[in-house]
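These notes open a run of structures that come right after.
In what follows, chain A forms one complex with chain B and a second complex with chain C.
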Partner chain A sequence: MANWDDLQKSSFLESSARERALGLVDKGTFTEFISPIDRMSSPHLPVLGEAVEFDDGIVVGVGLIGKKPVFVVSQEGKFIGGSVGEVGGAKMVNTIKLAVDMYDKMKAENPDLPEEKRPAVVVSFETGGVRLHEANAGLLAHAEVMDQIQDARGKVPIIGVIGSKVGCFGGMGFVAAATDVIIMSEFGRLGLTGPEVIEQELGKEEFDAGNRALVYRTTGGKHKYIMQDCNFMVEDTIASFRDQIAEVVKISIDEMEGLRRIGSLELVEEQIKLVELAAKMQPSDSKDVWAHFGNEKPEELTDMPYDEFMKVVKRYPKQS
Partner chain B sequence: MEMETLVGQGREAINMIIDPDSFQENVVGDLKVEDESFGPGAVIGTASLNGEDVTVIANDAMAFNEKFPVVFAGVIGMEEAYKMALAVYNSIKADEDKPVDKKRPIVLIVDTPGNGPGKVEEIFGMNKATGSYQLSLAEARKKGHPIVAMVIGRAISGAFLCHGLQADQILALPKQFQTMIHVMPLTSIARITKQDLERLEELSTTNPVFASGADFFYQLGGLEEIVEQFDKMREKIISHIGEIRNFKSAGQYEKTGPWGRGLLGAEREGRAVRSKVIEQMQKEFDSVADKYISA
Partner chain C sequence: MALNELQYEFKVDNPTTILKENYHYGVVGSGDMEVLMEKKDLGGAVKVKVVTPVSGFDKVWERVLKKFVTENSMGDVSLEINDNNATPVVVTMRLRQALAELVKEAEGGDK
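Then we have the complex of A and B:
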């Protein structure tokens, strides 16, 4: 694996889960939990004659950004699509729990705990959700992650980063929605139902899953940025993601609440207004929505380079 | 017995559970949903159960959402999920000042085949809608509201995650009443994982981890109790509300909800490695924690 300095310049999109985990925190500070040495692989895959990975396709651990303990969960799309099973799910759930427990302990010992010491969690999503080979255990793990995210509210910020090949879909799509902050590159994709399933449900005329541009317009980073479903869009290097994370963790926990998309009555009421717009517009393409928010030539946004896009794009005018 | 299934009959199930004629639909605390075309696949309201106010949230499989055509047969679409979340947040708000043992229970009646799978849904973010509802339930649970989910029909994948799996305790009718609890039918699992269907079918009779059905979810700790008869649902829900209240009054919030079901999964031996992973992680973390705390 490349060293930390080389990783910074690497494409986030092309990086493995372990590279992302190492590269997103300060140099030389990452400690992995349940590393491949522990050989905690899925007990359910061999029953079906499937190969295992000794990390079960997920890298978890803790590092530092400055003085702040930053817990990291990083999913590996190359292993069964980054899917979540019993072992990987437990690693994810417990990483958030360790962060919250650590915060409770630090706060009990020092009621004036400075913000710069408050633990944070970064989740680098690359997953289609539940691992079908152990579907029921994977499903139950998803519920546990949501439970931990709610436990972390007001204590430990959870930052979702999405810019890897598989994107973030299925049950992990709403896990990502439930985080405090989402950072994406234009190559990141976020949704609930993957493109193939929509095609299957609605027919190819309505949604052609093979149409890459359409898929990106519907779930890609630029679209999610326009919709305010992603808070920050960055370029495709580990350093860009890392710099944005370093900025985000400076935000106080109370202000962090203002970056959420969901998680309160007020936010539900705001989202309902967006759904009213969806019902009224019945857009056949995301471009209709981009135009509605004031982007006069929406078709030009798709291929626009990052800097220019950030300069000209008009986003959904969020009320809260 | 005349009726052999409650699949598709969420409204009928409400009447079988609550005190007679006590259901006030579309009203929860300050909330009054007046637009009948809003989220018709979700039934929300306030009822009396054993003489106390409860919030009821159910699916209406007979309803069709004209604005969002993928929403029918009990599918939870964007409007439905937000409507359900409104019911929960308004329950929390209504009882803000009440002590833990007086927080109103929330009863989820589960019969849903999935979340809205459409293009408009993806453009506007179906994931936020289901995520909202889950966070609202988790918040209500942690604030003391006892939440019981009763699976009367289909409890499928993401829709079950959103409407069911954030409850304190989950009850289900057994499979002879056509209940279905799973992520995907075996035929789809076979196709996607490129496994032989016959082999999967054979394995699924004994392996709870991907098999379909309430009894397998029971072994995994995915639900607390199987309720053998329709007419036992009411009393079982009432007794589980009492049990949950006892845990919460004693501050034992970890005994219920998704975490509690993790413990149950270990106890019932259906999810044996989960707890080993957690234990080993704790050990590894403890050996380095000081370095990160004092950095």
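Then we have the complex of A and C:
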């Protein structure tokens, strides 16, 4: 395990789940729950002859950012695509639950609990969703996470960070959409049905999953930033994500509502407007949509360095 | 179909144990593995447990692990490995990396 200072400069994309968990909170503050030494691996994989991992592909724990307790959930894409099974799901659900319980307890003891001391949750997504080997438990875990996110609303901000190799797809794409804030790098990818699955189901003519440029301009960080599906875009280092998280946790919980994508009538109406726009425009490529939002040379955006992109990009004008 | 569990025990002359109570290293990616090293009173022996989907390589595991234990004069250590089709070269490399990182962390005290 690299030390904290080295991790800060490291590529977020290349980092393991444990490195991300450690590096996203203040130096020396991360405590892992149910670490590998507890050997809480999947009970379902051995009977199928599939390799197991001591942490079941997910690292959870708590650390500090300033005075704020930050609960971290970090998924490991290298282990069965970061898929969520029974154990990993339970770790995720209960970490969010702990944060909410902690908030309730702190608030009961101190009704004037200052914003800076309120707990927050960071979920570093790297997953294709449900682990098909333990599908029922995996699906249930997704529902329970959604439940916990709703319980946390108005109390504990849930911040999704996406910038790892596998991206965030499948059921976890829905979970990410239900968080309060999403931070991505341009290498992060977010969607519901993943590119390979679309190709498999509907053919190469519909979506060519081997076309990296197409995949990125449809699911990648830049497109999601333009579409307001992600709130903030950062550079690909752990420090950049960390700094952005540190900024986001300063936002008051009431203002946080305004950063959400779903969860109110206004937001539903907003999403429907986008669907209507898509129906009217019939775009053949993301670039058509970028142009529609005022990006005069959309083809130049894809390879543009971060700083320049952030200066020139025009985003979908959100109404609510 | 089920996972294979392999057990080994090695003993070398004048062994030393590891510098930390326990240490975890690696990710069980495809063709990769993780290892959990623990300090344990085993009368100077090293006990190894390997959990792997691969069958028929018991002898290869034994040679790779024995070499690692002998090279580093290890004793009173328990090693638990979760493997996912790692080749002997990868296994050797991961074990060496794990030990090097453990020493670095124990000496630096930095996390």
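Quick note on the criterion: the second predicted complex is superposed on the first by the 320 of 320 C-alpha atoms of A that agree within 3 Å, B and C clash if a C-alpha of one lies under 4 Å from a C-alpha of the other, contacts with A are read in each partner's own complex, and residues count from 1 in each chain.
Note that a residue touches a chain if its C-beta (ideal position, glycine included) is under 8 Å from a C-beta of that chain, and two chains touch if they have at least 3 such contacts.
As the structure is a prediction and not an experimental result, all values here were calculated from the model.
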Chain B versus chain C as contact partner of A:28, first or second or both or neither: second
First, second, both or neither for A:146, with chain B first and chain C second: first
Greater residue coverage of chain A in the superposed arrangement, chain B or chain C: B
Chain B versus chain C as contact partner of A:69, first or second or both or neither: first
First (chain B), second (chain C), both or neither touched by A:233: neither
Partner chain(s) touched by A:36 [first = chain B, second = chain C, both, neither]: second
Partner chain in contact with A:52 - chain B first, chain C second, else both or neither: second
Footprint overlap on chain A, where chain B in one structure and chain C in the other make contact: 47-48, 50
List of chain B residues in touch with chain A within their complex: 67-68, 70, 78-79, 82, 85-86, 89-90, 93, 115, 117-132, 134-136, 138-139, 142, 157-158, 160-162, 165-166, 182-184, 189, 192-193, 195, 200, 203, 207-211, 216-217, 220-222, 257-259, 261-262, 265, 271-278, 280-282, 284-285, 288-289, 292-293, 295
Interfacial residue positions of chain C with respect to chain A in the complex: 1-3, 22, 24-25, 27-30, 32, 34, 36, 38, 51-53, 80, 82-85, 101, 105, 108, 110-111
Chain A to chain B touching residues, read off their complex: 31, 33-34, 38, 40, 43-44, 47-48, 50, 60, 62, 64, 67, 69, 86-87, 89-91, 93-95, 98, 102, 105-106, 117, 129-130, 132-144, 146-147, 149-151, 153, 170-171, 173-178, 190-193, 197-198, 201-202, 206-207, 218-219, 223, 227, 229, 261-265, 267-269, 271-272, 274-275, 277-279, 282-284, 286, 289
In the complex with chain C, residue positions of chain A that touch it: 1, 3-4, 16-17, 22, 28, 35-37, 39, 41, 45-54, 57, 76, 78-79
